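Two complexes, one shared chain (chain A), two partners (chain B, chain C).
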Partner chain A sequence: MNFYAPFTLPFIIGTIILFIVLAWKYVSWFVALTHEDKRLVAKGVPSLATLRSVWEVVRESLLHVRIFRIDPRLGYMHMSLALGWFLLIAVGWIETMAYMGFAPVPLQGHVFFKYFAAQGVVTEHKPYFDFVMDLLLAFVLSGVALAWFKRFSSRSLGMRRATKHTTGDRLAMSFLWFIFPLRLVAESITVALYGGGSFLTGSCGSLLASIFGERLLSYAFEPAWWLYSIALGGFFVAMPFSRYMHIFTEIPLIFLRNYRLRPREEKGAIDYFEVQSCSRCGICIDPCQLQADLGIHDVQSVYFLRDRRYNMLKQSVANNCLMCGRCEAVCPVGINLNTLRLNSRALMRNIPNERRYGYFRDIDRSEGSGKVGYFAGCMTLLTPRTMSAMERIFEAVGDQVWWADRQGSVCCGRPLKLSGETDSAHKMMEFNRSLFHKHGITTLVTSCPICLKTFKEDYALEHIEVLHHSEYIERLIASGRLVLERGDVRYAYHDPCELGRGGGIYDAPRTVIEAVGELAEAEHNRRNALCCGSSLANTAITDGQQLKLASRVTDELEATGAATIVTSCPLCKKALQRTAKGGVRDLAEVVAEALPRK
Partner chain B sequence: MASVNFGFGISKPRVIDIDRNNLRKSDEILLEMPELQTCIGCGSCTASCTAGNLTSFNFRKVHALVRRGEYAGAYEEMNKCMLCGKCRLLCPRGINTRGVVMLIKRKLGDF
Partner chain C sequence: MRARKVVIIGGGVAGMQTALRLRALGEEPIIIEREAQLGGKVRNWYLLFPTFIPSADVVEPLMRAVKEQGIEVHLGCEVVQFDNHRVELADGERIDCDAVALCSGSTIFDARLKEEYGYGIYDNVYTSVDIERMMAEGRMPERSPRRVAILHCVGSRDEKVCQRHCSKVCCITGVKQAIELKKLYPKADVFNFYMDIRMFGPGYEELYHTAQRNYNVHFVRGRISEASPLMDGCIQIKAEDTLTGRPLRMSVDMLILLVGMRANDDNVRFAESAGLRLADSGFMRAADLFAGNVRSSREGIFYAGTITAPKSIGEVLNEGVVVADSIVDYLNKQEG
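So, the complex of A and B:
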């Protein structure tokens, strides 16, 4: 059988360009990986991680399970396009093989088989193949229809706001949307002229024949296949430069992630995989409080990644983010959005080798001695009630405590890290690390989740266990060392971002609250909790905007009917106090109040 | 007659001449952070400052000098800031002080 026809040229050229660009991208990214990362890949390939990755590719790149969990309608739309198209290709391939055996067939022979085999041999399984292919085409077309519909009314597909795309993306998207309707037209005309087809192409074919007549259709036959080929070729050329690069980037990313490759605080080659895996689906837009409450529409993760990918990232966009992690929690690709934003900031603002913070050298204002160290953190120093409550708790259980910074000391370094000045942040981390080691503590308790996160992730403390005060108190209660009098007050708990999504600590503060009173949950809680708005990560929004964010949070917490709001972060406490009608307390305060009176 | 060294002398006058100072950077800073015009110089920022607790760093003073075109040493002073953000919580005018620190460093340093 002859598999060459002029109309296949746009498709062939598009495919060649696609594969050249893909090969170039893959090779240059892999080569640029750090030595350590390459070692991880070499170690990971012959392990179970590879099998896990294959399964994850099926689940996420084809079935889109995570999007289904967010919204089934949205999940169906993504699945019908990805799985449907994949199966069309796979079944098409099998169909060719059923006709041709294992004879070599060029690529366009598989893709345009309906054209080439129109007058060919008819085997006994042709009706079955026609039916399956029609079914799959209908499946994909339903997805295209939904995608089209979503452009007009994203709300009906579970998204309040859809991504605002660039011109390039719109072009690529138009090509994609035309591929399948054009395929339907081309196949229907072929069926009308030469027979075959099933419920979809067959009935479309007879419909077209009855309207236009066979003579007219025979004129349209070649042009229809030309248009289909042009749509395919155009899409393939646009693909690696547009959002659709995610189709080919997500697959290696899943493998690399299972081999434990992660983006770091400085830019690296793994970032290319992460950034270009973003499909700009826009699921990150709705959870963003800057968007929902402040009407800021150009800083969300989808736009940040887009700007970064095309080298047009501005500081104003990079800095305008609370890093609350609400987008990261829903991202269906699981991109490390916060880390990427951090290393973008570092690239813009980090000043290596500058002689700063020389004044740290001889500072040691710590007091007391003991195996338990308490690091209040800058923010707790601003909420002294938390610290005195902690003092009473320590006294009640009789723990000897080393107070790291009651008289003021050096910051934990996370604020500078969040603003991109990584090298300066490391100077503080080194200072505090050696201070902790010098005083020989074995447990480090902090009441600030911001400090907690950096102690856990950046400090690499040896033989020192880092605990948030909620965990510490929970342990004291569990071991029976701390006896509390349970009251009947209802407390609404606010999850701090750095503690919850940032540190995965949701249950400890809740257990503690239930030991002293009744716990009330806000509408958005745990992984879905709202940010208080005063996050240190954002240096762009104004005071008024922070207030607006805080008032939404306190409204929600007060809607539970609880008289008092409890949180376990001094910064959240300060932020919520400004808009709360009732009291805002730290967890330590309500615990200290429930201590039995002597 | 040779002057006798009594061990003390007349200190140099500290006059800030805004007509002579180059206010271009100051204006640029004000343009990006217009809220700085609302600063009443209360000094809450300095009172709460983590770095100010450990050194002579004085945010209120550095900001005032920069605004008047006295840039000498301002960048080095600002580099003592740890960006912890307490000042922002205390500022009675709600000025985004952390943003101001970053802005001054960007305008006066080699960012």
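So, the complex of A and C:
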């Protein structure tokens, strides 16, 4: 049995190159993982995490469930290409086995089976395989057609704006788009000349025969298979260097993630898996407010990851991001976009200055004592109405409070971390951490979601529970310690990014609002909530641009008809106050007002 | 020649001066004032810089003259919309006229928006407007404060509250109030925290020097970043002395915020109804900033006073005369 033909060479060469590059990449990345990460992998492999990963690979790499949730049309497009192609290969394999038994068949024998079968390798004919393979080919071709259509009208597939691709990506994409139409042509010609085929290749074959005649088709037979092979080989060579690297990379990433490997604030080898798993689908573009409201089109996560991957990341791109997490929330691959952007900034900007922090010594300006500690944060100190409201709430429930920073203190460190100065940030974190431990508190309440996030994620506080004031107040209400008088005012609630998407706290502030009045929801809320625009993470946009972002948010909140906007972040409050027509209050303020009068 | 009707929106010093001058030129001015009496904001001031004359010395002669001249005045009336031939009031009345002078002034910046300074939250934080009223009514605290901080540029030159413009008169007001405080409390230390000292008018620079030389008023270049209350009712302020480059922390018995002038909210509505143009600051945009600075972009509509930008009282009074002349010119040309 002969499975060799000259036309298979482009395919064979392409495949060899693909596998060499992939092996080289994956092995070198894996070797570069930290010891800790390798230990996690060793621990994870024999665990349930492996089974979970297999299931996730099926769901996400083949079915694309997350994209279906974003838009069914987009989901179908991705699924038909991924699942369809996978099944073409898998069923093709079974088909070969059905004909040949378990005889050793080289790779190209499987891939170009129709060719070799027609060349008399097999004698019997199995029409049901023809039917299944035609069906799958039609399935994939429908995806290709949609992808092609999306290039011209992304909107009809649920995307307002699609990715602007590089030349390399366009080349790889062209190969990909040609593969399946060429396969159809090659198989149809084969069917026309040698029989077989089903509803698709069969009818296409008859059509071609009726137009060109068998004689002409027999001349086109070999060239058609050549073209198909060239398209495959070309795509395979381009694949590991283009966005299509994600096809394979997403699989090890899913496993590694289930083994609890995550990107950190310093760059690491795990980042390669994350960065190269980006398919540049561009789903992250639409939710980006910098894009939608400010017309900034080259900083979105898809472009950031691309630039970082090809070592052409500019500081201006890395810095121009609100880190609001709206893109992360929709990323179908679940890439840790904020962390990756953070560690890119750290590499560019982290210049620690030891002498800058000499003033930390003996700077404890805290007041009072108690099991409950309250850390206002810099922004709450600039919005003191929130702090005096908290004071009244503490007083009403009779909690003894240790005031960490009422007379000023050291920053929580997150603003520095967000701007990439991680080493300096850690100086502040260490200072505050020992301050909290020194004063023997068991609960740490803060009104600032920015502080909250860093306390939870970076501080590793022992025996101290960290709570946002919304959670603390919610508990007080639930336990009956805090009794409030409910009014009939309507409050429109704005979810702060760091509290909502950043900390997963959506319900506590809503429960609290409903205890004092009526809650109104903006069009974008919870996971989809808009950023107020004054994020500390963005050091690139101007004040006027921040204002523009804020006015979109206040417009939406005011459209609810609520008289007052309530938020639970001092920075959001300051930002929204600038464009709101009515009042903007912190959650604590509306609670303090609802305290029964003595 | 018949007297031509000119509606003057706003009965502050700009509006009154315009009306008086128009009357002197033989026209028929009609003043529409939102408040229950004429005089505008100047009526609430105590002594005026740089000469320390009582504000009443400026406002009262104007009010008296308006009365003596029998100028038609509508008090407690809001203008809903207008164009150059008709002004519509909130009570439904419509006044037909030949020209309109918009003299509705500006709005004092709401210091509560700079929450970090604690106005409306802590005791002992005042605005410069509060101090004028307290001085005028003799309600200043009897016990001498040890230290007073006067903060310049609250709601002026501040992008964070969307007020980029300079309010022009706060610097000299700060100097004036510092001297008044020193006269009242000779033992107190009075600090002015400023970004720039802009002494643009006659006698202002001299007063600034007098404040330092004769009254020992301190000037610190640097804005206060935040204020917090102390147990004893004092206010602790944090600032940076940007000349020495050192952070600074001080407890004061009084914190006075020099609030600026911002554009009226009405301006947007007026601009829409009358087809006028707004400047980026929200103030009205004059036809040009030179020969046409009291004319609007629409025929028959004129501006005087702080409707176009923050100004001192003297400048406003001058504009009242200029705008009246421009209106008469315009009316004469209309009649050919």
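One rule holds in what follows: the second predicted complex is superposed on the first by the 588 of 598 C-alpha atoms of A that agree within 3 Å, B and C clash if a C-alpha of one lies under 4 Å from a C-alpha of the other, contacts with A are read in each partner's own complex, and residues count from 1 in each chain.
The rule is short, and it goes like this: contacts are C-beta pairs under 8 Å (C-beta built on N, C-alpha and C of every residue); 3 or more make two chains touch, one makes a residue touch a chain.
Treat the numbers as computed from the prediction; the structure is a model and nothing was measured.
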Room on chain A for both chain B and chain C (clash or fit): clash
Touched partner set for A:Tyr357, first chain B, second chain C, both or neither: first
Per-residue touch tally on chain A - higher for chain B or for chain C: B
First, second, both or neither for A:Pro384, with chain B first and chain C second: second
Partner chain in contact with A:Arg406 - chain B first, chain C second, else both or neither: second
Partner chain(s) touched by A:Ala540 [first = chain B, second = chain C, both, neither]: first
Chain B versus chain C as contact partner of A:Glu36, first or second or both or neither: neither
Chain B versus chain C as contact partner of A:Glu214, first or second or both or neither: neither
Partner chain(s) touched by A:Asp507 [first = chain B, second = chain C, both, neither]: neither
Chain B versus chain C as contact partner of A:Leu416, first or second or both or neither: first
Overlap of the chain B and chain C footprints on chain A, listed as residue numbers: 381-382, 408, 543, 574
In the complex, chain C residues that touch chain A: 113, 115-116, 118, 121-122, 159-162, 225-226, 228, 236, 238
Residues on chain A engaged by chain C in the complex (per definition of touch): 381-385, 388, 406-408, 543, 547, 574, 577-578
Residues of chain B that touch chain A when the two form their complex: 35, 48, 50, 53-55, 79-80, 82-86, 88-91, 94-96, 98-99, 102, 106, 109-111
Touching residues (chain side chain A, partner chain B) in the complex: 319, 348-349, 351, 354, 356-357, 359, 363, 378-379, 381-382, 408-411, 413, 415-416, 419, 421, 424, 428, 534, 536, 539-544, 571, 574-575
